Amino acid sequence: MQTHPKKLLVIIAEAALEKLLVKEARHLGAHGYTVAEVHGGGATGARDADWEGNRSIRMEVICDEAVAQSIAEHVLNSYCKNYSVSIFLADVEVLRPGKF
Amino acid sequence: MDPVVLFFLLGAFARIAKSDLRLPEALYETLSIYLLLAIGLKGGVEIAKHSLGAVAPQAIAVIAMGAMLPLIAFPILRIFAKLARADAGNIAAHYGSVSVVTFAVGIAFLARQQVPYESYFPLFVALLEVPGIVVGILLAKMGRESAEGKPVQWGPLSHEVLLGKSVVLLVGGIIIGWIAGPQGIDPFKGLFFDLFRGVLALFLLEMGLVAAGRIADLKSRWLFMLGFGTLMPICFAVIGILLGKMLGLSVGGMTLLGLLAGSASYIAAPTATRIAIPEANPGLSIGLALGVTFPFNITLGVALYHAIAQRLA
Amino acid sequence: MDPVVLFFLLGAFARIAKSDLRLPEALYETLSIYLLLAIGLKGGVEIAKHSLGAVAPQAIAVIAMGAMLPLIAFPILRIFAKLARADAGNIAAHYGSVSVVTFAVGIAFLARQQVPYESYFPLFVALLEVPGIVVGILLAKMGRESAEGKPVQWGPLSHEVLLGKSVVLLVGGIIIGWIAGPQGIDPFKGLFFDLFRGVLALFLLEMGLVAAGRIADLKSRWLFMLGFGTLMPICFAVIGILLGKMLGLSVGGMTLLGLLAGSASYIAAPTATRIAIPEANPGLSIGLALGVTFPFNITLGVALYHAIAQRLA
Amino acid sequence: MDPVVLFFLLGAFARIAKSDLRLPEALYETLSIYLLLAIGLKGGVEIAKHSLGAVAPQAIAVIAMGAMLPLIAFPILRIFAKLARADAGNIAAHYGSVSVVTFAVGIAFLARQQVPYESYFPLFVALLEVPGIVVGILLAKMGRESAEGKPVQWGPLSHEVLLGKSVVLLVGGIIIGWIAGPQGIDPFKGLFFDLFRGVLALFLLEMGLVAAGRIADLKSRWLFMLGFGTLMPICFAVIGILLGKMLGLSVGGMTLLGLLAGSASYIAAPTATRIAIPEANPGLSIGLALGVTFPFNITLGVALYHAIAQRLA
Amino acid sequence: MQTHPKKLLVIIAEAALEKLLVKEARHLGAHGYTVAEVHGGGATGARDADWEGNRSIRMEVICDEAVAQSIAEHVLNSYCKNYSVSIFLADVEVLRPGKF
Amino acid sequence: MQTHPKKLLVIIAEAALEKLLVKEARHLGAHGYTVAEVHGGGATGARDADWEGNRSIRMEVICDEAVAQSIAEHVLNSYCKNYSVSIFLADVEVLRPGKF
């Protein structure tokens, strides 16, 4: 079975940003996304998901390196200053390269 | 103290004492949907009994008050608390709007004291949700387009505010109650009216957990926050009470208008301002609205405003 | 229009207007569990009052109707809509089975009009859930074993259909209601009977959100979908009403049997067919059942079928 | 058999038959929060009517019983079942504490039989939660500090047990009910009292699903588990009934004290012991408490204990 | 501390497939699995988890490369044509190689 | 855009351990963590999340290799014997190295 290298971009952010992140990721070339509801903590304290303003999401996008870079850069510039956001990238392999 | 407030205190105690008590998030959402719909329905049924002609001028005055309150809060926050423009506008937006659960505690309080009030009041709650938020955001953004780059996108923003879940459920409930009328609403009474106080109690348990969790937000500027979070509501409440008197409301109505004016939004306002004023610190506004003003209003404020209303009536 | 339908419209409006209103998934599940159990319990208590001997022949006729309806829908879908066998069978399975919530709206409608009906009707709902699905899947799979490889695994499938949550709760509720009888069920009335309409209203709010979300499914074949999704139910309803007449049911019972025949499943059928007929497009069947037929039935259909039943009685 | 138990059997059937019926986790949590609060409130209102002086000596005796029960279970588990010290202490902790839902089924049973009981009983439930757990953990840890390294951290542990959600809600409910009194609690009756049995039924449906899921835990030692899980409760129940007689309780009260003694905790105890006795096998304790003793108590136990109480009264 | 290379296989799929995927993964050699409930969007539109038919899961299996390959291939052949499914693989390290 | 290598540590464990794991990870040098609620199955049978004792979490920590190693080792020694725990590590890249 042949596999193809892609990038996995993971964005952990305030739930309030979900709609914007999805729209912008699509705009920058993502073919899809997957979101899980999470809670956590970091530099800005605990985000416990105990009420609406305190919910976080973990968004995954599988895409080409260039797309991952441009989404990551966009999020870094637009949101990281004023919102609780963590971003990381990883190498993954997929089976159907055209899909992602 | 109304027993309903004891549930709030139980929740706050559990959180402060680090109990593992937690209400599932889905329950929090469910209860808040229920309360918004139930308040709307109750109001709609009552509106069906009144002529709109009598209510319209009051409604306009109430909207005007909502738009004016942030204009009072903003300079105070800028000058005395020396807050940045974004933070001042953000907090002004929260205090310009209203807290529906505070209103619910208010009507429970009046019911217990057997004080009557204008039964179409839920309409005013709906009308007060939006104007304060819009004015607060305008204040935060005035002359800022150059500085931080992005101007406010008023299209999406007004969509978000006007179609936010609290407005949709409150207004939707009012309209359904209105169309259905007292008889049509009868089959729903079991759920939406008879259980109202019990559900409110459960929600306040959750609010106690949440509000006590906000205490950490107070640590850096607690003196300012305790002061502003209690004095601003009292001051706004007096404005609301006086407006109520001018509009010819009953003592119960004056109390409620005072309570609404003195309450701070923690559903619609945080959602809208988080996107519209990204550079504002939400810890500050939420800490104030949820950590100070909400507890103050439901424990002491409502009785205080009622006493003031009785004096001024 | 029954006020309960206004909640559906509110939900649909919120979704179409892109409000951020969402009901938590856990609430959706909870409400549907409640409705299934409550309908079952109510039916079971009533069955306890009747002799089964009288109901049995009706029950057999009702099952036969459920098995026959897909045989009507299938050729129509194949010949006029030119659908692939899998899609035609899949849609036939949905329309052969029934929608429990549509039934709940039907009994709310009759209660409001004060039209009596055979109170053991929930039994028919349970009996109608399964046969249509099985026949629909059979139609989809006839002579296909070679083509797509995998034959249907009837063992797991029949397990899934017969022990799906809607059958288990409905039949379980009927049996509990039956055993407990009118007196035994008394302590549960507060939850399961008094709140029924209110819970139905809340569920319809959610259904409005969901159904309006299905509108996107209509975009490619909207003419076919609007046509089939309204005409097929009317045609099936007439069959149900006529059968009701033959079985000697009251006008209320004829209306309900028509409504059941004309309703399309969106809980049991999608679950079962998604695994049994993988190559069928669920967007098509769900778009029809949830996006067209459900709204049609609860807003216009039920009144129409009642009028037809009155004519034919 | 009380109809409420039929819901348990329905849930158990669904799980054993591998139905896809599942209650959302948020509903499970919500219902258990509701039951704890409602039981506490009901008890608190009743305590408001009594003088504490009369209840105090009974309360002390009840606490002593809770601390003593694990001392009986532990040697039996060590000697006859040859369990490791950790497992024996862990199981003893579960059986030393109580199951609130079993208690709720007990009061439903007595209400149906119209047997009166001391209405401040929820206080005893709260008092029985903790002592048995503490003694069980002590037994598990005696002379172990060297062996497995970590000694029990009594600070965090006592915090966890005393402020666990079941104690907080039960005691919180009692205090609120007490302060509010019969009149103050009136507006909450709709939710917390009228719906109690219905909610209990729904919760037992879920408990049936969960308990039947524990049957897998029985596979390796099923003979021991069935034996201990039914005989130990009966033995403890007799102790509780005799203590009730000594304390001058009514037949209803004796039945309830027997039921509490014979019940095993599955909320507070598992949470506390999982951290305090890591090396104990939770499959064993949960399999016993949830898979054997809970079903036994609500189906057969409660009637048996009532019969014994009538004999011994 | 010694670590050992393994494969992480991630399958994002309609919730209706969960029971089948778990059974088949076990059958093909997986020692365990972890499932999160997610929502997302891709080529077939948004899957919002707003009702039963619209829920998605994200299943993770840590296993040997050969097992990962055979599960991935099986899922690709059995489900990708008719269901909304995304698959990717990544390299991970574990501490207890016998466990996975 | 410059990226910086970090380790992603993933711990799948009984929900009862969450509070302890967060405290100890912070203590050992983690700057943050993200938790998702999951269900799953492994050597000790299915953990279905059908009641409180049966819930699992999936905790992610992005950190330096040394921190990841010491947290992993600590969890292995403290919990793996008596609790249902799975641990794995992966290489990721982040944009703001100081944050993690």
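A, B, C, D, E and F are the chain letters, set down in written order, and residue numbers restart from 1 in every chain.
Keep this in mind: a residue touches a chain if its C-beta (ideal position, glycine included) is under 8 Å from a C-beta of that chain, and two chains touch if they have at least 3 such contacts.
Worth saying up front: this structure is predicted, and the values here are computed from it rather than measured.
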Select, from A-B and A-E, the pair of chains that is joined by more C-beta pairs in contact. A-E
Residue numbers at the chain B-chain C contact, same meaning over half shared and different meaning under half, come out as different
At the largest C-alpha centroid distance from chain A we find chain D
Taking each chain's C-alpha mean as its centre, the one farthest from chain C: F
Where chain D and chain F are represented by their mean Cα positions, the distance between them in whole Å: 34
Between chain B and chain D, what distance separates the C-alpha centroids? Give it in angstrom. 41
Can you check how far apart chain C and chain F are, centre to centre, with Cα atoms defining each centre and the answer in Å? 45
Scan chain F for residues touching two or more other chains and write them down. 36, 90-91
Mind pulling the residue numbers of chain B that touch at least two other chains? 22, 24-26, 194-195, 271
What are all the chain pairs that meet the touch criterion? A-B, A-E, A-F, B-C, B-D, C-D, C-E, D-F, E-F
Inside the complex, what are the residues of chain E that reach chain F? 1, 3, 6, 8, 22, 31-36, 62, 90-96, 99-100
Residues of chain B touching chain D in the complex: 3-4, 6-7, 10, 13-14, 17-27, 108, 111-112, 194-199, 201-202, 205
Going by the contact rule set out above, which residues of chain F touch chain E in the complex? 10, 12, 36-43, 56, 58, 69, 72-73, 76, 80, 86-91
So in the complex, which bits of chain C are touching chain D? 24-26, 29-30, 33-34, 37, 159-160, 163-165, 168-169, 172, 175-176, 179-180, 184-185, 187-192, 194-195, 271
Residues of chain D defined as touching chain F within the complex: 22, 25, 28-29, 209-210, 213, 216, 266-267, 270-271, 274-275, 278-279, 282, 286
